[in-house]
């Protein structure tokens, strides 16, 4: 006779399905990474391991330029959008209800508006105000869609904090600015870091809006990769893609660690 | 009345971000609406100030060379097809994403944290790269065809890429985490003592799922539907790379008008139409999420 | 002497005059959290504000701290207007219910915070910080972070932090609510000791009537945004001015006067025979039939260690609570009981 206990957490079939779905989510990433190390020029026929494609990619000047362009834009977009988002997260708390609702709509807009619509709208705007397409327009557009991603972790962190902490500081004699520098910012810091990292990733990953506002000769890395894919599947694309995946993965892990450590203290 | 409590920062801190977004996102959206009512510019770039509803007419009418107009369903079909693909994406995501989210929420706290992180990673990695991965898997020389050929199941490679099926796979792949995460977030709130009480009172697993879990995760499913359906409807990369020329969606249509087809007013009209559909969908989902939240609450309130 | 409202003579201590404050409810209505409250707290007094949750006591405390603004009324401290002063400039500090210790600072940094806000450097504040650590017996804990401390220790850090700047008034918002019973008892004597040692006025908010009786020099009992009764613990317990106070503080039975036999008439000369009286259970004794004021049947008997708690049901259904010392013979459940009480312990209650 079975003495196995009835498991209230068990649901037959759910486990295998979930595992299959995790495989579905990860196999494509693994495929790219594995093919990136395939020495055969014909991507899908395995010939033996090699890192030569990574070397080739980094030797090509057009690719290096795209990487540098992307990094420059991502850094500027990250810094500016994080500062904007930090201000928004701090200021929104004390806004009047209606004002706050309006501000939230604007901050959330880049998440709700279909990316293709944002892309054509931003392009139309730059053409109208006659800013020549190039690095400047890329940065301006990236700042806009990075703001909500930088904003969300900070807002979440801020709403997790006990409002009594700020009251206690005021009660002990702290002025507004002292509360901000000595209490609010140190406690908000993990949210700021993870918001900034997410903004960086989002900027680095964007293809669609960038492809509209880049202008000639200013390809970001994803725009460049898209062009390569269009010209056929090559080992170089796999190597570049793998590099992008690794960068995203590393940044996400850092962000995850920062957020979790922050929530323990 | 000001909501400011002791120690809160000044509301003026928020103004730079709000002003910036109003200028770079809000204003341009209105600009697109305006462009849809103007005439295409010389050489097709930009617009000229000549008000016209021609762009909107073009959505369903075609102008013949002799100036007469006939009904043209070409663009409506693209919109319709986008709807179908977005709806199918949503349905598949619910079908597999909901059980996955429930399973995840039933794990121990440590595992839950790790699993959520595992679902989040693809969500943050480059969409272009992830879509490209499916080209490697589905093309004539791809992983699947090579495997099947080698196993002797087929003699000719199957045409897996460049059709609506491939687009659909790409869309489900991209947007599945958008369903799993909100459903997980609501399922995680489930109190396991309730399941124990239900089993104790004689419920079977399907009954427990239907009577206890479902009411709790309903708001999560509604949120997931919004997060999957809306971006899927306006998607560009998946139909572009996986659907080939045969599986155009609204996003590709808009892109073409601002690119090779050089018709900004028409592109703007389609963009405005997509924006309106998006807002309508949001409103419908908003109303139903309020309802779901209410029934969910009353269901948990009863216990 | 005639007092004109706006021209009070300067008085030492904390004076609240006609404080009023209403909150909007989500449904659009308004709740009067404070409805014309006036109190007069002497310097160095241990003053307790007691009442059920939502009675307005915490709102008044927060208004004194400056974390809430009054709709009407004034607050003066030592003759100077307080309610118009910014919260950071008030010589009033608060110990919060959740302690609100800054989690990113050490214990010493927490205590030093108020001193630094007042212009001290970390270094010049250090001696005072050590002094405060010694005062609350946490000499060894200065470099710990708050989450490394027990609840009782966190509580003492919160006290030390609030006392460090030597405020005129210390406000305590249910500071012991999160502690278990033993620890709470210990902290109560600790608070009394600290108050005596510092001479600072303590204003203490609680919903726990035993705590209020144990701690307060005076107690103000709040209900529905008003002060129902204000007096010494003995006043409040022995001479409640109405049913609410008699019921909220300790236990009491409410009896119709007409039911009570053998009452000396002079006690209720002016009372009509429908009036009610309150009597504390420990003032009720079991007696012989001839001496009894009331007779009935025991319906409940609970052994509670040092004493036994019984409920006697009278013929007309009214219940009388009785508490006797354990070991003394008492009637069992279902048995007949004749009870009496000293007439002096009866309190007339307006119903």
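Annotations for the structure displayed:
Letters A, B and C mark the chains in the order given here, with residues in each chain numbered from 1 onward.
Here is the rule we go by: a contact is a pair of C-beta atoms (placed from the backbone, for glycine too) under 8 Å apart; a residue touches a chain by one contact, two chains touch by 3 or more.
Predicted, not measured: the structure shown is a model, and the values here were computed from it.
Set side by side, the interfaces A-C and A-B show unequal numbers of C-beta pairs in contact, with more at A-B. Relative to the centroid of all protein Cα atoms, the closest per-chain Cα centroid is that of A. Separating the CA-averaged centres of chain B and chain C is a span of 58 Å. Centre-to-centre, using mean CA coordinates, chain A is 54 Å away from chain C. Inter-chain centre distance (chain A to chain B, centres taken as mean C-alpha positions): 18 Å. Among the residues of chain C, those touching two or more other chains are numbered 66-67, 87.
Residue positions of chain A touching 2 or more other chains, listed in rising order: 165, 167, 169-171, 174, 183.
Counting partners per residue, chain B has 5-6 as the residues that reach two or more other chains.
Contact residues of chain C toward chain A in the complex are 65-67, 87-90, 92-94, 96, 98, 100, 102-104, 113-114, 117-118, 145, 147, 161-162, 165. Remark: chain A residues 162, 164-165, 167-175, 178, 182-183, 186-187, 265 touch chain C in the complex. By the touch rule above, chain A contacts chain B in their complex via residues 6, 8-9, 11-15, 17-18, 21-22, 24-29, 31-32, 35, 42-45, 83-85, 87-88, 90-97, 99-100, 103, 106-107, 109-110, 112-125, 127-128, 140-141, 143-144, 147, 151, 163, 165-167, 169-171, 174, 176, 179-180, 183-184, 198, 201, 204-205, 207-208, 212, 222, 225-226, 229, 233, 237-238, 241, 244-245, 248-249, 252, 256, 260.
Touching chain B in their complex are the following residues of chain C: 66-67, 87.
Note for the complex: chain B touches chain A at residues 1-18, 20-22, 24-29, 31-32, 35, 46, 96-97, 99-100, 102-104, 106, 113, 117-122, 124-130, 132-137, 139, 141-143, 146, 173, 176-177, 192, 195-196, 199, 205, 209, 230-231, 233-234, 236-237, 241, 250-251, 254-255, 258, 264, 267-268, 271, 274-275, 278, 282.
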